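So, here's a batch of structures to check.
First subunit A sits with subunit B, and in the next complex the same chain sits with subunit C.
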Partner chain A sequence: MGGVEEVGGRGGRNPVVSLWGHLKAVGTGLKYLIAVPRMTVKYPDEVIELPDGYRGMLIYHQDLCISCGLCATICPANAIKMYLPSGGGGGEGGGEKPETPPKRHPGIDYARCIFCGFCVDICPTGALEHSKVHDAAYERVEDMLYRPEEFAAGPPTVEFERPPKRLRPVMDERRGISYEPVG
Partner chain B sequence: MSGAGSGERTLELLIGPQHPASGHMRLVAEVDGDVVVRLRPDIGYVHRTVEKIAETKTYLQTIPLIERPPLADTANHNLGYVMAVERLLGVEAPPRAQWLRTLLAEMNRIHSHLYGLGIHGIMLGSSTAFMWAFGDREIMIEMAKRLTGARITYSYMIPGGVRRDLPPGFAEEMEKALRYLERRLPDYDRIFFSNPVTRARLEGVGVLTREDAIRLGVVGPNLRASGVAYDVRRARPYAAYPELDFQVVTRSEGDSMARMLVRVGEIRESIRMIRQILARMPDGPILAERYAKMIPPKWRDYVRETGRIKFPAILASLRPPKGAEAVSRVEAARGEAVFYLVSDGGPRPYRMRMVTPSLRNVVLFSHLTRGCRVADIPAIYGSLDYFPPEADR
Partner chain C sequence: MGALGWILGLLLSPWVFVPLIYPGLVSAFAVLLFIIWFERKLAAKVQRRFGPYYVLRHLGGATQLVADLIRYLFAEPIIPEEADALAFVMGPALLFGLTLLPVVAIPVSGTFYAIRSDVSLLIVLALLTLGAAMTLIIGWAGNNKFSLIGGLREGFLSMAYEIPLFVAALSMAAAYGTLDLVDMVEVQAETAWGVALNPLAAFVFLVISFLATSRFPFEISEAESELVMGPFTEYSGIMYGLTMGASYLKYYVLCLLFSIMFLGGWEPVPPQLAAVPFGPGVVVFAKALALMALGVFLRAVYPRYRVDQAIRLAWHYLLPLSVASVFVSMGAAWLGLTGA
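Right after this comes the complex of A and B.
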């Protein structure tokens, strides 16, 4: 009684056709067992060289910065904010007020950054540009915040236990991607 | 067992919400033995208020936001949103920018279809299909990385044009990439699509009739697999599509196999389109004159030499006219995506509506699973290329 009738047609199949299909599938598998097209590289012993224009972590040239704040205005993730120089001016409790207010400079929070590169593209003086660093790791989330002075010191350097082999990906008709050693 | 004493014989089976397949959602299946009596998709686990957040961001800042929900299919949604913004502003991208947009959109379609096929594969237990598709998707990611500087969330299309021109040697590398994909597809066919196991799992399973597909408002490959040749790229051509020669891939069976094969056919069509685009792309600027002339003079040489746009400051605070409304439609990889924007004259959208293809297709979970076996649930789910974050937004 009741119940829903089963639908779907898993009808009788021709076993010969089926066997032929299985053989073709297994044969294709065997082909790849012999000629393995591997795209994965063995990071961190092998590192993929990134192309020019890659949107990696930022380089900040403070000497070029005019404190216009466009980078902070355009940042979609509120990763870039403008900071007063530390040790004077901005802190609580005041101190004497300088005659001209100190300039603000950008700092970045990599915990928020989405690497869209809008800040680099809108920077009118070229004070911001992309590096090719993208694999930095942090132990504490606070360390991902770079105030202007730290930001100006450059993106973190990634240290490898053994010097890695650098590989450039090139398209390959047979293998998809093959890798050429760089330098 | 629900109410065994009162003579009921069905069992409620909860699948998820711990990421049953392509994202967090829950399927509530009422089963009678091994047969599904009723299945209800419980969606919303990855809702992130994209439409509301858009009201707090400027028009340009909304671009990266739009790209988050559809994950693999970022460029097509980027394009749809930017088309709506351009209609608000009354600005049009120059021809070369339109062709570059189409190029990335089709690269992204291949990427997204491989992603969907891979997930479908693993749902059926074929790790090979999953590994192959996710490996080969790297081809399009690598090429997109060279074009845009990012792997997945490109934010490449901006109001008035695109951010970067083709890098040197792109067309030659892309030709090799396309030849590789063409060589691979027959192997995919032998090892997965025509594999007797795959056929047994998919043929005749989850059949969507042409009438039901239309009645339920299904979009994309799921619609075309039921014999309806509707594709926004053909119905309301945009970007460079009016000038490209391509077929709208359809099948008549309407079953899970047909849905998968339509996607495979679309990968082939996208390969054809990318070849045409790279062979026939017009020369010229990649940003509309209205904004290009506002790029600071000191950057003009840089832009010309590198082919990378420097934003004029106005892009940080675009203000469409008060009361302006715009709608745009694009054929995203999973189906038609619709964007609706209202401006109140300020720098942020007053309202942004984003209707994604997965949202339109979620109805199929209940419709197609009635009367199927429990083991058919993943087979049908995977065939829909349903992506919970895209639907939940």
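Right after this comes the complex of A and C.
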């Protein structure tokens, strides 16, 4: 019991002072209820313009890729793995033997990706870059795996039911974040 | 035609109308659907968000809770292997039913009631205590440490809140000189509202009703951030819906009781409503709903007390205050303010 009292440390608090604190808290709540504007937007109807450097889904330029595998090595979530081209049969079963072994290329599993951007930073030729796409939805988890050829085709385009209103966030001394329409 | 008239007469007879329609099951469900949506909207506005929005967009997502209810109805209710199956399954229904039970003794108007008893306040208070025992049983039945801790917290709290709740309510009986809720409203119509006669009892009763129904800042047994969902952790589907609704339901009953004891009940009756036998009940309903809005608004304001802080608050402050409110009532009666 004594321990609980000490942890609480409020045994000697003046109840009048504490009642005043409660009234102030409720007053602040009422102020926010009535006077303070909202900071969020109605998302699928209103979309925030994203800043440059936003880390969205990746764009993969296969022509720049040198198959070094650094992106797969650095990926902390093991989302990027190196794949053999799927068209070549994937094995040695065919008749002719290629002179050079087929190159591996990165593919990405967006079910695992944490959008840290390490792969973009480490890519020596700039074959990977971020797009601003972040709101793709998938019906099946297998659809989130992009093999190299799908990965090279670029991130999915997001379609809205109604054309959304584009908003740009503006920092405001008094209101915090507010939004102004773009275009 | 005869059969229809007979059914209508049956539905409008007080002993069916009160438990089934108002203030019973139908209006209780309507209150649940409204107040939980309203709570989410209020909390969202204070936290600078929008809250429910996309289900019926033009009314601000007003039917969000209907959508949630349908989802609960079709979700699979899972009974854990190690749970005490009978208690686990019966618990939510009993909790919901027992929580709603006190409305049978709450009068709708001076002439329209299911039970008129000269101890109807005692009946309501006694029936109110049944739900807490069910919460304890539910907490045990889930065979989950969170539900057990939540159930025990509810047990500790119910020890702490029931005595001041009863003393504060009975102090008003002392002021009005009656335990009959209908008579209480009539005394208030002749003199003044209970909240003016004995503000101390009103304050204690209000704070206790937050404490007794897991409203903030006393959301202790269901403590989401510590205990998942307290006693109701293992529930899913419609059983979860019932357990979640039960605390709002108890708050609804307490608010009805508060409006009858402290806010003048159905007085003043607007003349348009006076002609309908259960018309004055609309006034009680409106008062109770306004009070519920206040209670759910506090969710946006407060963090939570620890269980020991809440129990100390109840035993150290609310119990002495409720005893003091008895003397306030006696003083008011002695000065002749209550006409008793």
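In the analysis below, the second predicted complex is superposed on the first by the 140 of 183 C-alpha atoms of A that agree within 3 Å, B and C clash if a C-alpha of one lies under 4 Å from a C-alpha of the other, contacts with A are read in each partner's own complex, and residues count from 1 in each chain.
By our rule, a residue touches a chain if its C-beta (ideal position, glycine included) is under 8 Å from a C-beta of that chain, and two chains touch if they have at least 3 such contacts.
No experiment lies behind these values; they were computed from the predicted model shown.
S.K.: State whether A:Y54 touches subunit B only (first), subunit C only (second), both chains, or neither.
M.R.: First partner only, subunit B.
S.K.: Let me test your reading of the model: by the given contact rule, A:R174 touches which partner, first (subunit B), second (subunit C), both or neither?
M.R.: First partner only, subunit B.
S.K.: Regarding the shared-chain residue A:M39, is it in contact with subunit B (first), subunit C (second), both, or neither?
M.R.: both
S.K.: When the two structures are overlaid on chain A, which partner does A:G183 contact: first (subunit B), second (subunit C), both, or neither?
M.R.: Neither: A:G183 stays clear of subunit B and subunit C.
S.K.: Mind telling me which of the two, subunit B or subunit C, contacts the most residues of subunit A?
M.R.: In the superposed model, B touches more residues of subunit A.
S.K.: After the superposition on A, what does A:T28 contact: first (subunit B), second (subunit C), both or neither?
M.R.: In the superposition, A:T28 contacts both subunit B and subunit C.
S.K.: If we overlay the two complexes on their shared chain A, which of subunit B and subunit C does A:P163 touch? Say first, second, both or neither.
M.R.: In the superposed model, A:P163 contacts neither subunit B nor subunit C.
S.K.: Which subunit A residues are contacted by subunit C in one complex and by subunit B in the other?
M.R.: After superposing on chain A, subunit A residues 4, 8, 10, 25, 28-29, 32, 39-40, 176 contact both subunit B and subunit C.
S.K.: Spell out the residues on subunit A that touch subunit B in their complex, using ranges where they run on.
M.R.: 2-11, 13, 17-18, 21-22, 24-25, 27-29, 31-32, 39-40, 50-55, 70, 73-77, 114-118, 121-122, 124, 130, 169-177
S.K.: Could you list, by residue number, the parts of subunit B that touch subunit A in their complex?
M.R.: 9, 32, 35-37, 57-58, 60-65, 128, 135-136, 138-139, 142-143, 145-146, 148-150, 153, 155, 163-164, 167, 173-174, 176-177, 179-180, 183-184, 187, 190-192, 194-196, 199-200, 203-207, 296, 299, 306, 308-311, 313, 315-317, 370-373, 376
S.K.: Which positions of subunit A touch subunit C when the two form their complex?
M.R.: Within the complex, subunit A contacts subunit C at residues 4, 8, 10, 15, 25-26, 28-29, 32-33, 36-40, 42, 176.
S.K.: Report the residues of subunit C in contact with subunit A in the complex, numbered from low to high.
M.R.: It comes out as residues 42, 45-50, 53, 297-298, 300-302, 306, 308-309, 312, 317.
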